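Note that chain A is present in both complexes that follow, paired respectively with chain B and with chain C.
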Partner chain A sequence: MKVPGLLGATWILLRKDLLLEWRSRSRINALIFFSLATLLLFSFALGPDTALLRRGAGGYLWLAVLLASVLSLGESFRVERENASLEGLRLVPAPARAIFLSKALANAVLLLGLAMVLVPVLVAILDVRVVLPLPTLLEILVLGALAIAAPGTLHGAIASHARARDVLLPLLLFPILIPALVAAAKSTALVFDGDPMGQVDSWLGLLGSFDLLYWALGFALFPRVIEE
Partner chain B sequence: MSAPVALDVQDVSKRFGAHWALARLSFQLPRGGALLLTGHNGSGKTTLLRLIATSLQPSSGKLTVLGLDAATAQEEIRARVGLLSHAHFLYEDLSALENLEVLARLLGRPASAARDAVARVRLDPRDDRPVRFYSAGMRKRLALSRLFLKAPALALLDEPFGELDPEGIADVEGAVTELRAAGITLVLATHQIRQGQGLCDQRLHLETGRSVSA
Partner chain C sequence: MVLTAAVLIYGAWLALAWAPPEREMGDVYRIMYAHVPLVQMGLLAATINFACSVAYLLRASWRTDALAEASAEVGLVFAALGTTLGSIFGRPTWGVFWAWDPRLTSMAVFIVAYAGYLALRRFVDDPEKRAVWSAVAGIVIAVDVPIVYFSVRWWKSLHQMQSSPKTVDPQMVYTLRWNILGYFLLFLTFLGLRYAIALAQRRRETTVPEPARSVSRAVAS
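Up next is the complex of A and B:
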């Protein structure tokens, strides 16, 4: 057997990251309940105006995913800080970019799963309907999860060096996610309300471009971020 | 003719903020040699090992490891150096075998090599308990098995006798003897001088980052 290249190492590390997520299922449950509580709080805060709640459903979905992502991203680097496992990986030496790709993909899978759990809940509690085809909704969820995962992984690695890491991560992450959040919320709203003007493709284009930019930035910068 | 040099440390210093962890340290270690690195807690032993492993970069000075410049050839050095650290580099939610299998796959070794490495330190490869349920001594043995799996040209052992019972200490002594017999260059950092002395042929004592005897 020969030493795996970038893709081989990414696959090995992705399996490890997903196995670690599976082993800590209580954390996944906590993430789901946190997001459900966030959705319920939005609906209580806005009152009984069901039309208003329905109009904002796309935004509530992505805000709930975004707030939960801070917990999951922080956790994914806590696991690596414990016993200096990240340093151990670098000394193997596992390629730094494979570490980025595997972590970002594992985070994206987790956020996508979370979003897929929350959509039926939105349908149930806000009485929204999925008007556009389901593959369009799935495309939005995938692109939205990827949009949070790549910059989240990069900034999670930066924040993990800091003492106030739990505060630093959202401070770094939230401002740069605004374009992705707007695009994901708007396109999800179109899935729920209908898209007579054919705008969903433009929002998907914006979301896809954001993904390309931040996955490329993460890929390029991650090695510098994790070296002391 | 003198033996080729495995480790060439020239005027190396390392600063963390305003604190100098190492100050203008110089020494050489021949290939196949074994250096006992002694000193109190905070004397700079761990910093020196992390510099050699290229986890850290020197603030000044020149460090050559196995003929490679530590400033420019980090990946090549990492592929040939093994570090047994305080931190163990283990994932708490994975079993001993799962931890070693990740390493084995990254090194391009078969899964059987991971099983052999776990068994070699007298742990059970079939034990599927997560490492978080292991005692300190079991973790140390598992960390040692990472070193056996990697089979490095230069092994760096940071406090290998800590957290171990007499049987565990004998295991580590046996492992060090095996590594030496295999021609692997060794740096062993400890403040338990008695245990390390018989295993090494060279000694460097550090006090607040400076060498006071060699």
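Up next is the complex of A and C:
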């Protein structure tokens, strides 16, 4: 039998993760409704001032995605702990880094999908307008989802084996993600409000560098995290 | 320890009585003699933690793991104290306790991130896994703090740039240097004690305990 290389193994594992996600759609649905509820909570907490809500829309979008990401990341390693399937994966003759790449990509795809569902909702309930071209918004969503997914997968793997994992994951993850949150929220706000000063590109640059750095770190360190 | 106390007391006397008051801020600025060294020692601790984390992943050793634990905990105390003093200092000079300035914000992230790191250490029971995972978490945090600094710098900044010794009264420079030395010695003392405790804990966790004597034999003897 041919042993798949890094990319081949990543592709197979990614397909497995996404298939699992698709077969149990109840988890995706729960995630979507969780973030919708979060968006509603933000709106109620800040009162009925539409102008104020509209100005904060970029921030709410990413906070909703961030809060949902903690649930989805925890879940993505909980299914591996069940029936000790992570042990099984480690025994497969595939590089451990393929597990990182596939897990992080699967989480990024999930978060991207979630963000793409939430944007039209923001347009509807907060009356925001997408001023900049749609590809720019898509670029922000992709980079933002990637930024949460890489450190999230690394810390998700760590936290899933510790005690009090539900508290530990956000405690480890949120401080790390602050630069990504700043860049993603700021650039999304520019998409909604218009960008007369041309700042979007520099925020995207920051977000892109964050992605590069943390995907590289995760790629390098993940095998040590799951070793026995 | 006696030396540490002596230098700290001398430094405090210099700072409170000997150094001249500042032209704009008067006596208020004297809190700077504690604020600056504390924050510096916090950053030094983070550097030690990062170096120990990398060293542990390259070559596993309880010594580097214990030093990483000690530096994170002592550094967190120093950084939190330094930031609190800075906040108290900010009220009379800037008019606010807190501002969304790059350095303040990086320190806040620093404190929360290392609190998470220490929580991770508490929540993992297996000493080897704890060492590897916290080394990974330590590296991730150390990489993050500079990015936070730069990302927030793009907002407007309030914090003064570092003064160079050339533009400052030599008496103030002298006082600050003694205080930095004093807090450095204090930091080393804490770090050494905490390191010894951490190493002893590792020893206790990793050595196999003596087999328990059965109750009947204990009663018989």
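Here is the rule we go by: the second predicted complex is superposed on the first by the 227 of 228 C-alpha atoms of A that agree within 3 Å, B and C clash if a C-alpha of one lies under 4 Å from a C-alpha of the other, contacts with A are read in each partner's own complex, and residues count from 1 in each chain.
Just so we're on the same page, a contact is a pair of C-beta atoms (placed from the backbone, for glycine too) under 8 Å apart; a residue touches a chain by one contact, two chains touch by 3 or more.
The structure displayed is predicted, hence computed values, not measured ones.
In the superposition on chain A, A:16 makes contact with chain B only, while chain C stays out of contact range. Of the two partner chains, neither chain B nor chain C is touched by A:133. Contacts of A:120 after superposition: neither chain B nor chain C is touched.
Using the contact criterion defined above for the overlaid structures, shared-chain residue A:5 touches neither chain B nor chain C, since it reaches no partner.
In the superposition on chain A, A:161 makes contact with chain C only, while chain B stays out of contact range. Contacts of A:210 after superposition on the shared chain: chain C is touched, whereas chain B is not.
Of the two partner chains, chain B is the only one touched by A:85; chain C is not.
Across the two superposed structures, the residue set of chain A contacted by chain B and also by chain C is empty. Those residues of chain C that touch chain A in the shared complex are 57, 109, 112-113, 115-117, 119-120, 123-125, 129, 132-133, 135-137, 139-141, 143-144, 147-148, 150-152, 154.
Taken together, the chain A residues at the contact with chain C in this complex read 151, 154-155, 158-159, 161-165, 167-168, 171-172, 174-176, 178-179, 182-183, 202, 206, 209-210, 213-214, 217, 221, 224-225, 227.
Touching chain A in their complex are the following residues of chain B: 53-57, 74-75, 78-79, 81, 83, 85, 87-94, 98, 102-103, 105-110, 130, 146, 150.
Taken together, the chain A residues at the contact with chain B in this complex read 1-4, 9, 12-13, 16, 19-20, 23-24, 79, 82-85, 87-94, 228.
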